[in-house]
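So that we are looking at the same thing, I have put the structure below in structure tokens.
For clarity, chains are labelled A, B, C, D, E and F in written order, and residue numbers in each chain start from 1.
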């Protein structure tokens, strides 16, 4: 199995522990970004991956490539050049204090990339799936155009396409998001979102939902999935269901909608170590297990267990093996020491 | 709005994380102390502050002044000289293991300060409020006398006076506390305490309270507030209500008693990062919001939300803006990532 | 009171916080091992101890001896020589992700020790109790033989013998465990185990137990204790009862079976800092309090409170005083700051 | 004495110790930039300062302002807004391996500032001196124009102007540098450079200089200073003289040219802790001591001693008092412990 | 160009900075070993490499493979299995205090590997050079035999063979070393050693050498190289020349002996950051530059400059590009900041 | 051999690396003090020791005792009680920037100790030597009196007495030092000082000495030693000779004066890691080797080599074995790796 993802990877700068920004003069410096996170996760499960992006030809870009290589992600199609690497600053919240993200990603090498940086025909050779998120086309007009080329090439190459809607209000307006995403959706097979995305991007929302309060109306998501499917003809729609009790405690599950039928996963009560990348690890688990031909309920449980584990791990990346995911999905959530 | 506070600030030496004292040869070295904490908190809300104390004229005292300056606290009236800076060692507890504090504050510059170190008339120029806690007069006879001069000068200058009773058994006996505090209370407008203070300082206690068990009899606090008001003529009495489930988990709320009426805040279930300074951040929120002319319930909710946030932040100081407090007081405790 | 323990102490290499193995190039490097943990714990309560083992004559072995000395453990009978010190790598789990242990203990100095390294008659001079766990005889045939010599010498010297069954599947098969342990049990007075040990070592199991699910059938343990007593004639059987809700949250208690009667302790809901050594600290608390002549219920409560505290402390060692244990056992679990 | 400086301050991200970029996933995160460094240094000597720049209105910009405040630098005239804060990545060299700097400063708030962000008349009220470096006008055309407005306003306000030529090849070409700088020089009283600047900016060079080889032809600098003075009418020209033996060992001195006469300082053999900001701390020492009315040789020795000390201190900022500088300038370079 | 190396890679545990072993409970945990160091170094220069070894199939072995991958080293031929990974503890010396190494490498997976773990024909497909050191055959009889198979296969495949004699007294006696190495030398083209190796392994020594005193008799090395060449028919003999002034300061150079002629490199005075791997990085530089067809003097200068840089870098690995080596070899040792 | 020392041990708080005080909010927290340093050093050589002092009965005092135990120092005669533990803050200098020490030792438990805290007859049972420094009697009048009792008891018990003059201007005036020390000297056999002490305490100085300049007039010390001997009848006088080139580089040697003859040691050029405790480690080496009956030159070389090694080790304590000292004293200062 080989899965290709395309998007931006950023330098992630985070204070240690629960410190506020620059409360001490030190940052944990790792890397992350939606589609890179998916590639890393899938590689950890044992599949072949290629992460496609553009990075500056300096030591920071080099370090990023090194990190991806160490995690088994293919980096052959990463274009090098351009001015800078995007950055995001992350302050981890706790209890009643939310996490905070400050983006410094404008003018990044990938946002300013041009179509000639990528040879999609070659990139998709031998690939089974292609994944991107709504963040990628939001980076710039140029990248939106490149994304469209990518999904078209993917379809042409017989590659399954998945998209995590992932609406980011800092990057574009809902109007522009709807316009661009509507052009991409016809090429998408698997559509993934959280409880806010369908509403923000396509104006499709569940009834009676109150996100801030954290109470989730599961039935409503079924409606949303149906409407999305009717509108764009998706094969599969998935929705992560996060009940945010506090920054430290969440309940985590998901719904899968296939062939007019909704599947619900177990719900995991999570004590969170690092929630960033939770959605990405769900996408990774889902694409991986669907590509592996698992039945809907199984695929969903794998994806949810994978993303539950992610949230116990520092950094954007989900550093878990398929065996570890299976153990949790199989029912062992007791946390007993593995010797 | 300008708020003056007076008291001791100490060097705070704490092991990292949940290590016991000197389990590793390293201390986090920050600063803290009741009235300094209030000044920092109020400055973070955006008000003008002056913190009044005495610090040794060496690099450690200098570093303390630097830290206060960085947080926007006025340091013009800090006297310099004397022998040493007080220290407190803090070991953070977890679950069934309580936090531990060892004081090494005797003979500090402020404890040995003399009346001539402070010119209260000048200090109170333009001020709206003056805050101190029961720790300040407990430091030494000389500081008790200076505190009395301060509250008298405050009254004369038309400055509102608030006092957090904050009884510390290591600093003085209940007998001496009652004697000194009784002399200061007539000048106090806003009296703040936790569930133990009124009893320890003035022998006034709620009925049926069992502090160790952590079960709180809210009605009892109303009685205490009424008796305090009758005795000293306070404008406002506030009481923080902490239900200690463990060192890691607390329920946190407060009561405000104004004009014979008791107001109760929401209760926040907290997963604690650092509980030191919780009471101080409540005082800061209360004084700040009362000075801003908020109605009792609003002022109380602001103060409780502020102090709930404090307990998710490392160090004595409450590093939150008024906007962050408003968001929580306004009902958003879900901890969702702020992007 | 003087308590002797015998076994292996290893270098413990653990990533910081909740990082996965080598997610950062750094290890916390401390020491630990069942019987050493017991000795440290008992020394912290104030009793005299001797920890008996063999360590290589190099700087790593030296550092281990230094650490034991610093904690008040007698090191006079530690043999020096042999090739290497055993190592275990520990990755701390969180929430739904379990902790992971990798052993690298083969060929350690103690595993390759010979009978002539230890003079049991001299070691037991003045001793009141001798403690070992099922790990010790599992290290090698030679150490199994030495352990037999030790318990015989202990009996001869009138020293009370306690054994924590502590089955380790990486070290031996259940067949070999049963054979060796059955030869040692006749010399044992106090037998300690967790919910799995009796079954793994002697094939004796509680009815209806489901360990992974974390639901405990307390009554079943009473049956097991009775059967163990009938088979080996133990004076006392103790069983720790851990309900694993997740890697972060456990309920912790224990049962004591003496003279045909079962005693149950309070159950502590724990938010775990480091669960390794929980069982050892229970053994330490039990042996210490039984040797001190406490009544069964008191001894049990002391042991459970001690081991509850251990799980809030980093490292294998239980760094708590008897007074701290008493405070918790006495009912104060509120976690309020001790000033 | 009050000194105003104007320029860019960046977030400085540096690996710990002598690690290469991202050899470990951690950065020291401090702040620095030529003119900010001068302001901090002068503030540490005890003078009043204002640092003028533009910073984004987010938590990173806020942290920068906090740091400047803590060091006693006036921040009243810092404009807030714009997109991002400039960053520079620093890898510290050792021995034969040079330090490395990667800039990520394009599109910073200050580079995109407009003239209306600064009210120079108000800024220069009460000021004695104004300092900027060649980096400031190189940031963008807009900032070049603002700098011209600033020097004109300074002259009009009777404020002495100093400029460190500080040529940065990444920011502009020598052609553009010459053009812009030539327009600014007529307003400059004190011109400061290192051994390369005059050549790079104005094509004026000492004879027989070989910078890479580290051998300095002092006489040549005298010629350069004379020519610069003749061309632009400077009151004073200063030149730092660095003999780079390796990344770890440098010899450090300077020349001052006033009224046709050259003064040479002592030369300090330095074992370098952090050489970044060495030139800035020289500028700070020179401007401070000239403003204080010191004679040329004294002013020069103060400036060189100050900048020698800087290179023993971590970070861009020179954290030394005037008294510490005097002690070294006065001849005590023995490094004996000060108790 | 593709270079294959074969040997052991160990987990390297080192205290931070200049601390003695376990002076603090923390180890830097990286990886290193002679032939792995060569592969990493050559990969950093831009050549293709394969490092051949055997590693345990656990998370520690996995992390090692990840690290090698991140540095661009081919890991396809690393066998997985066996018991443990070798460890070495490193305490960094300073000034008059020497560095200290404690090995814990017995029973490692590679030491216990069998011939069937490696398919040399496949490994050498497309390779230009094969490198090993005297440490590899010293690991065990089995590995000595595998090494012989490897050099034979290399010769058969037309691959150039280089060997760093690297005598380790802890691994074997001089007698056994001479016997085994003499059997391997006939297949070796490039023989590399330091000032002690030829004597320790083959009893060939320079006249008048006094290593501890640190004074080197260069002429003597010429004699040794000639005798080695006469005895084994080497194409090239190289010898690193280290003058140890102290643990902190060394002079570093080398000699190359080709076709009866000796070439001497520049000597670099080094202030050492980490000297471990200095010899390996010389081997890497030499093999790389000889394979690239450089003339003897050029090849030598490249190798010496590369290894001089290594000693300014933390860890076993030489993290420098060919361009960085060229700059130093080209004469720029001034350490000026590269912007 | 058993050596007793008496004095104050303090908590030592030092920033990491070369940071200035509180440049980051963190302190290394170790312990140190003249006589404790001597005890630790002697224990590391393998002799028996007892360190006598008074420490507060809290967790900080406990941690100090633990540290001494871990290093093999006898702690049986440490009195417990009193208010606080003395602290010293240490900022490590580099190059032209000197190290800085701030004392916060007033009112420490030992300074306020009373005669009844120590039973000298019991303390000296079996002892061979007693060491104290001029710091001890300077702590307070009470400790001066206790010191006099100690030296009298030592003499009575036939114990050899050594004293390091160690003048501290912060603790007492030269007048009071002369008065108190003159009363103690008649009981002293071995008198140790550095180049300033004899002058500061007894007004005896070498001719033509210029300490700040760092140039040492060795002959002058011979005069001083003779005059000291004539005045107080010392058996042996030793003087450490430090040439301070900078905070980073010193030349280190010593002179011994016995029976009218002066012996000079080798001089070690040192690159300093931590110079604090250098003099103490010399005292330790001297007392240890004289007690062991070494001849003057040998004893001196041992002491100088020991103290040279100390200055390469972090912290006050000299963590070296006698074997390590012998290797250096024997001529191996090359710093080659010990494997």
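In the analysis below, a contact is a pair of C-beta atoms (placed from the backbone, for glycine too) under 8 Å apart; a residue touches a chain by one contact, two chains touch by 3 or more.
Treat the numbers as computed from the prediction; the structure is a model and nothing was measured.
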Smallest number of touch links from chain D to reach chain F? 1
Check C-F, D-F or B-C against A-E and flag the pair whose interface repeats it, over half of the contact pairs matching by residue number. C-F
Which one of the chains is farthest from chain D, going by Cα centres? C
Of all chains, the one whose CA centroid lies most distant from that of chain E is B
Which pair wins on C-beta contacts, A-B or C-E? A-B
Specify, for the interface formed by the sequence copies chain A and chain D, whether it is same or different in terms of residue numbers shared by both sides, with half as the dividing line. same
Return the distance between the CA-based centres of chain C and chain D, expressed in whole Å. 62
Need the CA-centroid distance for the pair chain A / chain C, whole Å please. 44
The positions of chain A in contact with two or more other chains are 17, 20, 25-26, 66-67, 100
What topology does the chain contact graph adopt: line, ring, star, complete, or other? complete
Interface residues, chain B side, partner chain E - complex: 24-26
Which residues of chain B touch chain D once you look at their complex with the stated criterion? 66-67, 69-72
Chain B residues touching chain A in their complex are 17, 268-273, 305, 308-309, 311-315, 319-320, 324, 328, 331-339
In their complex, what parts of chain C are in touch with chain A? 17-20, 23, 93-101, 103, 168-170, 211-214, 244-249, 275-276
List of chain C residues in touch with chain E within their complex: 13, 20-22, 25-30, 58-60, 63, 66-67, 83-85, 87, 89, 91, 100, 102, 104, 106-107
